[in-house]
């Protein structure tokens, strides 16, 4: 049988994915932010050093991005703030991604009653404005950042559980899943080694979407005074703290605001890239 | 090819050197090469060829319905109008009124959320060019539906999902010809339908062709359908027309080796072949087509000269209409696929002794849908049992119950001595069942996990079967299904459909089962590839003593591969027995209808149109 | 509402309408719920018997007033004054007004003072107040109690002061509209008995957000801004046509250490904290220079009202000694305590106040220098709960505004060991005794001033509190308007008449 | 090869039993949710630190004052009794009286709704209208310059916190260019519309990314489907395709999307109302939380929940109305 001798392009697998320049830049930015978060020592000056004589200055040699109300160096605070600015969205992103994956797999794979229960709960949470709940909860219980984060995670779940569940259901009855069952693989192996890998691109996309959402939402909470403590070098907080000066000394507000937008845009671009390549490979099969 | 000759104002459709290119960043690729088609009013032509040969692209190019990345060259004349040269808007007006199009899937073609009556009449205008009134629309819809054989006026108020596949395709045709076009291009209009429905739709098209003086372009991969319905046949291969002739000429005296090979690979309905003819290799993708004769690498008659220069479509000596694209057309003689005596169907069937699978009175109800309704089935070791029936008759459901993927609503299923329906099975019992029966599926594209290599897919089964020397056995398995051992490193994306089906069969074999349930494993494949797989399955049965439960809706395939057959209709077994008995002397009405519906190669659609 | 930028202008060049931006006001137009900005408008609608003008008391609705004895005050009501609905202002209305705040179940911020009134007796046009005990703050309280109409209250009950019912008074302005947390607007009363109103209307618009306030000023929808948060002063200064005037504020930021909570039960630790903080730096950084170092819990100017400048200065100098900035000393003190390596604590903050957060950040920086790590814990509306219920680590930062320029005011809150607001929890017998003695003496008695000074000094000698800064109170007016003669207690004055057109 | 034979029932004009049942179940479940909400909301006041009387009386309240509050508000009575009274009030549209403002909560909500509802509607129209238009335009020209540009801009919009967008728009169009008023709610009529332009644009920009993208994806899918090609092959016009193929098929998704836009709008509103100093329901809520004005918090929460539940109910029913497949599924599901 010579039918088989035609050689398929083996190199296809090794071809590096083509990354648009903007997405590559976004990746670089994320790496830089992550590096700052891991090594706050990068800060050129002490981010907490108050210097009344230099408050609200524009960019200069000593302070490339100017100073804030208390005369602290904005660049140093941006570097120091990378940690909290990254941490909140990261926790949110990981939390939502992990929980929604588990729920979606449970609902989509096992179906039946499990699915019904999960779907009903999700439907309920879907129809509630998250930030409003976060504010009410924080207001009524006097709770802090942690509670707010939990609320945001809970209310961030529904959309993603729905989408992932649909993806799981789409794949759960594909012949290769059923073949794995018929081969006699235990259920957990089928789920872990066959089902989950096929939805990895979706899961990654969920992470980036939630991360972006987290960046924007958490900075909004800081703006409403519900986020991290005042004076902490968190980007959202820096914007909120220096807003009084927004029309006169724009740097202290603009620098962290731009950092937030860049972070969100970067995550967005990368998430989109993941989704697009995934879509393409699906189209090409 | 710059023929600036004004197209002669003729009725019907003609194309002149119509080519389609794929535009890509790295240059352009030829997909369809210089196609010349001629369809006179009232005439029907067929375009046949294997998957990927460019049939659909040609059809869409004719209507200017290609996606933006595909560009056309050449001319199309519809009713004497140079279709591709007039303005966009004029072309748009001509679509539907002069030239119409029907697609393969009758479900996706129709708007699911619009009543069919409204869809049929959407393009209609009254004498003043205004949209019709509500009442007029409805009357018109009923009339048009009656034309395509739908006499129930209530259908006009239904949504597509409330109709059967055949009805939907009729609605699609009614909508397409609502404005009385001259030409109808139908791209595989019956491929998604059952044989019985397919016959109805073909009869309908044939009738409309006569009554409406319609020029019909029928695209199909089924030679039988082409011969049964069409006056002339264009055989297409790798973007080229390789042979054109009247249907009966092509069927009896093909002059191109490719046509002959296709005919030979098509399994006959009336007897069993010792071995099906196959065509080596596969259709080259655009951009990978060899120079000279595209078929040369797969051709038994190829000479070095074949690949030297592009081959033109030439007239043959035997007929004025018969043209062929082969340099050796004059010298070689192709034997027509005459009837050869097949081997006797396994004479002494071992239908005694202990059956491997016993199915007793099983029912399966999905919500309010009875899929399987009290079926008894036995499968004995070493035999090949067929399950046939039209779509929705419960074949797949039954198969899934046999392998334990679906739990019956009631009744018992026993596999290798283990009763699947008896409460919760122990781990060992499941292991025994899995080791006894394995399954292969229809769709070659989703049958393998795209994220894993072929090797790891196969090793998974081997490991479960308790095999130690995994690498060695993987290679052995691949070889057994006719693939080189190096394929273990590949991913499914790098394999063709036929190769994937081979791997799927190898995966089933990895657990060394005694029974393999094959659910339409060849339905999605071209005849040539189908022949490969059928031959493979037969070899495996002979070598390994396998038992098959073989599901298909294709009676010719059933004849080739099964010893015994169960005919299912609406979830019930209506007839069973030796395959030859059942096919040659069907007793049940339904079976008779099924057999009669297979397009007969005589060029006549046999029976009168059913009322 | 945006409207046209303050235009028109009366003959003197003042705009017809004064449009004032403020950060917050009270949600009810009612003097008993306190709130400076609201009071500033309230007292233009409901006049008090006497007015405090920043240095003394002037007759207003009362033509005369006298303190007949330490426990008896007598007022004569002005004749022929009417409420804006035409009904006369009677002694019954006055008595009704006072008796409201005297009720134990009444939610009144002046109740603390008013409950010392035993009886209100009226006779013709005179009103006599008899006190249970001498109360030095009484006249101040009366000066910020606008007389309300008894009939109006009887008709509308609890609804008075809400948008639906409004308020009825006899002052130079009439309440036109009141939308809680949004705006209040008063319009000129043409038939006012006294000095006529210079503005046709005064609108207070509440804009809580920092940048929204800047937008409002820039887009011309306001021509005045009162009580600018210090953080925003510089930004407003940068606006072309706004003129700022500032007054040393009677507000004090004070750091209090709970002596019942370790390690603040050790004097050495408390001393270390006090010496660790550079208060001048707090003024410079957190207040951007708009303020002064607070030398005692009562502002210097208030102390000078009761005692000679010399005596005050001597006392304050002694208190300064206790609180000098000396980080080395602080470190040594800490090293000698039970927490030589320093410690960590959470400092609850009123997150709604921008200045507080800046002050806290600055002192946290100083404390970190000596080894005390302070984690800021912003609390929303439950800040007060946290502090009063003592759910904190022993250190609290409070912003305290006196609403009467008498040192007795903060002392009364902070000295008594059982006072709920005494966040130090310290029993300070010396301070208590001096304060008690001062209360037996009539206002104006130099002896009283001396006792008060002694009480203040004793309080600080306790060492559990560190007065930090007095932020400036700043007003901005669109040119050509200027303010002339505003005091810390502007809201008790006829402040509308102090707005002038100046060069 | 999966051609299912569909049930061959007669065309249903009247409400089919399955549909009727669905509507009833859906309405009943919405009512149940509102009951659950009412319980949660009722408990708010008791969750306040220091108990409800402290929430009302403030921290400095004396024991006498607290006692009088307890009596007046009935906190001394058993919880179920209090709840029933609370529920009875709600059913009559009575959420009690604001502790701080001494005004019926219903009145306060009524007043703020006058600001918020136009803003909500305006934003909704902007976000949905622009999203739909952009989505459809870009879907029909995938990969075009317009497509990439709109993707970039909407991404940027979605990545920027509303308070940054709002401040920027107010500064640019309100202060620098003076095209629109930068603050406040206006005096009704056209003035209100002018005042709402910037806030609505702010809230809409943030949502635009979502609406555009979802529309684009769904419309793109539909345009790739056979039915769109078939419509083209029949010479049916662009508008016909848009109306009957694209919009009808995307109907369910778009209706669902427009519903979730309303829900997520509340998030944006709180921020936008603050940036533009609008006395709307979001400000009322934030102030109430600040003042611990429990009846107001309860009333606003309940009303928002009611609106959200109603919107979701309407969305579900509209989906049923526009998609015959959903209706059919009800009949077979029994």
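For reference, chains read A, B, C and D in written order, and residue numbers begin at 1 within each chain.
Operating definition for what follows: a residue touches a chain if its C-beta (ideal position, glycine included) is under 8 Å from a C-beta of that chain, and two chains touch if they have at least 3 such contacts.
Going by UniProt, the chains are B = Peptide/nickel transport system ATP-binding protein.
This structure is a prediction, so every number in the text was calculated from the model and none was measured.
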Longest centre-to-centre distance from chain C, chain (CA-based): B
Chain centre separation in whole Å, for chain C relative to chain A (CA means): 46
Approximate Å spacing (C-alpha centroids) for the pair chain C, chain D: 42
Interchain centroid distance [CA atoms averaged], chain B/chain C, Å: 89
Chain A, residues touching no fewer than two other chains: 139, 142, 243, 246-247
Multi-chain contact sites of chain D, meaning residues that touch two or more partners: 49, 167, 171, 175, 274, 289-290
Residues of chain B engaged with two or more neighbouring chains: 442
Pairs of chains satisfying the touch condition: A-B, A-C, A-D, B-D, C-D
Chain B residues touching chain A - in the complex, by the definition given at the top: 278, 280-282, 403-405, 430-431, 434-435, 437-439, 441-443, 445-452, 460-461, 464, 482-484, 487, 489-491, 493-496, 498-499, 504, 507-508, 510-511, 529, 532
Parts of chain C lying in touch with chain A, wherever the complex brings them together: 209-211, 214-215, 218, 229, 231-232, 234-235, 238, 281, 284-286, 288-289, 349, 351-352, 354, 357-358, 360-362, 364-365, 368, 375-382, 385
Complex contact set, residues of chain A against chain B: 1-6, 8-10, 12-13, 174-176, 178-185, 194, 197-198, 284-285
Residue ranges of chain C in contact with chain D within the complex: 1-2, 27-28, 104-107, 109, 158-159, 161-164, 179-182, 207-209, 211-212, 215-216, 218-219, 221, 352, 380-382, 384-385, 388-389, 420
Residue ranges of chain A in contact with chain D within the complex: 124, 126-132, 135-136, 139-142, 212, 215-217, 219-220, 223-224, 236, 239, 243, 246-247, 257, 260-261, 264-265, 268-269, 272
